[in-house]
Amino acid sequence: MEQFYGYFLYLISLATMGGIYAILTLGLNIQWGFTGLFNVGIAGFFAIGAYVSAILTTAPSIRHLGGYQMPYAVSFIAAMLVSACIAWAVGKVCLRLRTDYLAIATIGIAEIFRLILKNETWATNGPRGVSMIPKPFETLPEPWNQLCFLALVILTVFVIYLALEVAHKSPWGRVMTAIRENEIAAKAAGKNVERFRMQGFIFGCMLMALAGAYTAHYLKFIDPNATEPLTTTFLVWVMLIVGGSANNRGAVLGAFAMWTVWSASEILASRLPDELAIRTAYIRIFLIGFVLQIFLQKYPKGFLSETRPHPRAARTPGYSEPE
Amino acid sequence: MIEFANFYLIPGILLGSIYALGAIGITLTFGILRFANFAHGESMTLGAYISFTLVQMTGLHPLMVMPISMVLTIVVLLFIDRYFYRPFRKSHAIMLVMASFGMMLMIRSVIQFFWGVQVKTILPGIQMPIVFFDTLRLSPKHIMIIISAIVLMLAVHFLLSRTKIGKAMRAMADSPELARLTGIDTEHVIRTTWVVGGALGVASGVFLAIDTHVETMMGFNLLLPMFASAILGGIGRPYGAMAGGLIIGLTEELSSYPWIGTEPLLNPGYKAGIAFIIMVGMLIWRPTGLFKGKV
Amino acid sequence: MLTIKNLNKNFGGLQAVRNCSFEIQEGSITGLIGPNGAGKTTTFNMIAGEERPTSGRIMFEGQEISGLPTYEMFHRGIVRTFQIPHEFSKMTVLENLMVVPPEQPGESIIKNWIARGAVMRREKEIQERAEESLEFLSISHLWNQEAGNLSGGQKKLLELGRTMMADAKLVLLDEPGAGVNPTLLMKIRDMIARLRSDRGYTFCVIEHDMDMIASLCDPVIVMAEGTVLTQGNMNDIRSNPEVLEAYLGGGEVQ
Amino acid sequence: MKYLAKFSLAAAFSLASMTASAADIKVGSVAGVTGPIAELVAPILAGRNLAAEHVNAQGGLLQGDTMKMVVADSACDPKAGVDAGGKVVNIEQVVAIVGASCSGATNGMVQSVTIPAGVVSVSDSATAPSITDLKDNDLVYRVAPSDSYQGRALASHVLASGIKKVAVTYATDDYNAGLAEVFAREFKNMGGTVTANQAHEPKKASYRGELATLAKGGPEALALFAYYGSSGITIIRNSIENGLFGKFYAADGMFDKSVIEQIGADVLRGNIDISQSSSDYDDVSYKLFAAAISAKGVNPKAPYAAHGYDATFLMALAIEKAGSADRGKIAAALRSVSKGPGEVIRPGEWAKAKKLISEGKDVNYEGATGIVDFDENGDVSGIYGINTIGADGNWQTKLLK
């Protein structure tokens, strides 16, 4: 019985982290899937969100800035706003250049951000991190606190998913697709391409910050190591590519599927003898890279490819369904 | 003043030449294959590890075994190009960036798997510097690194300016379409790019290993400064990359010189950010770089 | 309506447009002809805001507009088509047109969430307008096709259709007849004429088909080597020896 | 249909029993297998496994059950720590946890998994003072002493060896930054002068510039807080090669054979003192441990290897004392086996301990790292050694009293 209860708890944690990753992938999907922006600095915006929300909600501490004890709603919104401002500045510099530059610049931003987190000890407690971050619903008994937090995450994913579906199908999504398809024509059609790109970039970064904030509260602890690029940037990319970029459902699916693979593969690895188990950790990373290669080459569209809703058949006579 | 030369200027030049060698490979792939190669740092790491193993096996000086590790690394790079990059020749460049991204993880984890994560030394012991004019301190290995780097850069210069393939490479970096029209064998040029970039990458990896040690993250840690050097010099401009590398290396070291007062100008904890700041500044004011590269 | 004064454009060492000045009168269909490399398309690009003039001025309805971005030009009513059609290939024909209209409330991501009603109302209007345009272009049967699958001529029509979706004042057509069969060419010509009379568009047309120019355009501006050689009605042009010279023996000007 | 249901139920049960067979008592072994301190983890795991081996070879736990260590990777990342903790607690149904390695991963894991789940954990290398402050329902312990102790110990050692002015540099990671902070504070409080206190970014190619500024103001020595692999060795080499510093004081992140191998024993002899949360190397407990682990080809002095052993052995004692694999009872038993009263148990003496416990007597573990008595916060005070280079070119340890 306990075993099953254990499985149940593990499933909750799997789904919670999966959901947080789904927020990240949805954010990246706006940037890459909808807008075609190659952001490799996910970890940076994730970190912004995590620290802003952590500092705003923790009790006073001698180790770091804090003691504001704001409600979660305020801290989540603040996390997204700060991230939006930084995204705006980055976008201002990089969005008009070739996509590779954005990649290089964002990976740089993420690294700079880690440097700031490590060195500005007065605010962040440096490399030692912020501890005792409150967690929503933590006063409820086990497993209800975990279930409620999971519900919060899933609800957020669902709301974001719906909002993005609406946006993707809307004229906004249409313009985004148009820009991706043919930038010159989009410009000739009077679209302010830079502004739309900027919007995509900022919205994506806001979601990444939100995911960061959720992570900080979920872990109840955050330090610069939690914003390590391997699991906060690269893994998210693989999730999106595998799930199917430009497809919101694909993004969510990819997040849950890859997180399950990433997390559960270790359960298998831990069954191996020790010496091997240690080395298997590296095989897991190798596989992440390899899966990315396979999908890029063989299934570049991922599990679910992009679907764009076409306008319905018109009422005007003379229109016929295509054969 | 002499302290400035000993502890800031010379290390800066040393670091700069290591960046410069690596950045040439980055800028060539950027110019010729048209993508930002995120796996370049890993080919440096691989070269350093192969050299380490060869040194262990033969007991020779790292510089002696470097040619062999260059060949081995280049074989790996050509294999990777054939199976992981070539399928994307006609696709959007971003696919290649992503493929190189995955490659970065793959190469690094293979290195970690086979060699482990323990830090290794390729040239153990302390080398006391030779003191010139009673004050200027130069370590023999640093002289060796700087001279080797200069020799390699001259070789690159000779290759690009005197040989047919070098000219073809420059033509292709300038305009791939035009190069194709004029009948240049683009696949051949691409292979040569990997050979040149790989060899220089291995050299910079080994030099870094000689100066410090061999470690699995060494290449990744150099990636950002190398990108910055390539952008600073102008994308597709090998000479620009050399200049860019030197400038970035020097600035990084000089940034913590106590220019004002006795405290370092910049908290050395932020040293790694220098390359990035130069790069952003460059992207804002002059995205074509010093040597008018591509945007 | 549009005045160009001493326009220059250099690409590196190459001077594509040189001291070019001309005017386009409101309500006219101005032809822009000249041999290849005369700087016609570059001039278009500058008027449409895709390229920034090296020097010189572009005035539209009495306001200086040189160097403004494309979307600014578009919002002032300058719309262009391309010599090689630029369509959104994975989008349907109808969507290709529905993208164009300016100031759609649905283009604000937030209004899609909080003001669905307004967005949907506008969408309905736009769709009706797009369908009308398709009918005008007589390609309404293709409405649900992916634009990338259209034939060259159909893509040309789609280009034209895009200008109809904008609130255009001045339409710049870059070789609307290139690579189009004679029947369709006639059709396109008639459409241009009708758009002028029905909607009051002003046109400027780059075209190599002299019959089309002759039957459609007045005045005609001849460009050569980046500058305006002469202008006037087609008869004057035909008899101008300089023009013949520019066309290398005048083989193309009948 | 009925058959199918029956069958799948049976299959499910057999699967469940397969993962937790009656003869196994699982203990989580959470460590930063990958990530920034991966190079330090292998000997720690060896220490943990050795303890489990001793237990299993001498009668096992309770009714002869096997103590099975389940490895999970916390990657030094709190995200991974929480995930790893969740897996061993919920999937593997471990009764207790040894680990995690890094303070960050430990902090995340205990706060969001093990404390709510009521699972006791003993970390063997998390040293951050913030772990002391956690509201842990008496479930979080560590055999690695908090940095506060080591910083103070090293500071007093430096002053005792006649050095009054030092420059401090530390790598920007959780472990070294914390130590440096305590050291600098304590050193000043004890009357010393810190001429400069500078962070440095680990894994850079050269630290000559940093060292040149640190050398200003006449420091007599450099207090170096770094991991040997990420920057420590480079800093020593740069200092010596350029004649900037000749004397070094460092903490246990620097304690490794490779420092000697790479710099050379002759250069360093008499010039480097490394404090280590260590063991009394003359103590009989340590010798027992050292002999056993040396036989495995692992350096007994590797950082935190002995702590790994002690943490695991203590956990085994707690399980035995609890009398069942019940998480709550184990947690309650842990403190009592760590300190007196009771007969002293030393590393490797499992059979003796098992017999005593079965007779209902108290035991008191005195481990390879010292007496390991848990205080009310679950911390140990620890003992510190100072390592210098001996005539044989190896590390020599002197205990700090």
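Before moving on, here are some points about what is shown:
Think of it as A, B, C and D in the order they're written, each chain with its own count starting at 1.
The rule is simple: a contact is a pair of C-beta atoms (placed from the backbone, for glycine too) under 8 Å apart; a residue touches a chain by one contact, two chains touch by 3 or more.
Not measured: the values here are computed from a predicted model.
Ranked by C-beta contact pairs, the top pair of chains is A-D.
Distance from each chain's C-alpha mean to the overall C-alpha mean is smallest for A. Mean C-alpha positions place subunit A and subunit D at a centre distance of 34 Å.
Rounded to a whole number, the gap between the C-alpha centres of subunit A and subunit C is 42 angstrom. If each chain is reduced to the centroid of its CA atoms, subunit B and subunit D end up 38 Å from each other. Within subunit A, contacts with two or more other chains are made by residues 115, 118-119, 282, 285.
Counting partner chains per residue, subunit D shows two or more touched chains at residues 34, 172, 199, 201.
Of all possible chain pairings, those that touch are A-B, A-C, A-D, B-D.
Only residues 30, 35-36, 38, 84, 87-88, 93-95, 97-99, 101-106, 108-110, 112-113, 223-224, 227-228, 231, 267, 269-270, 272-273, 275-276, 279-280, 283-284, 287, 294-295 of subunit B touch subunit A when the two sit together in their complex. Partner subunit B is touched in their complex by these residues of subunit A: 36, 38, 40, 93-94, 97-101, 103-105, 107-109, 111-112, 115, 118-119, 230, 234, 237-238, 241, 279, 282-283, 285-286, 288-290, 292-293, 296-297, 300. Taken in their complex, subunit D has these residues touching subunit A: 16, 19-20, 33-36, 41-42, 45, 49, 69-73, 75-84, 86-93, 102-105, 107-108, 111-113, 116-117, 128, 130, 133-135, 172-178, 199, 201. Chain contact summary for the complex, subunit A toward subunit C: residues 163, 166-167, 170-172, 174-175, 177-178, 181-182, 184-193, 199, 203, 308, 310-311, 313-314, 316, 318-322. Per the touch definition, subunit C reaches subunit A in the complex via residues 48, 50, 69-71, 73-75, 79-82, 86-92, 94-95, 98-100, 102, 104-109, 112-113, 119, 123, 127-128, 131-132, 135, 140-145, 162, 166.
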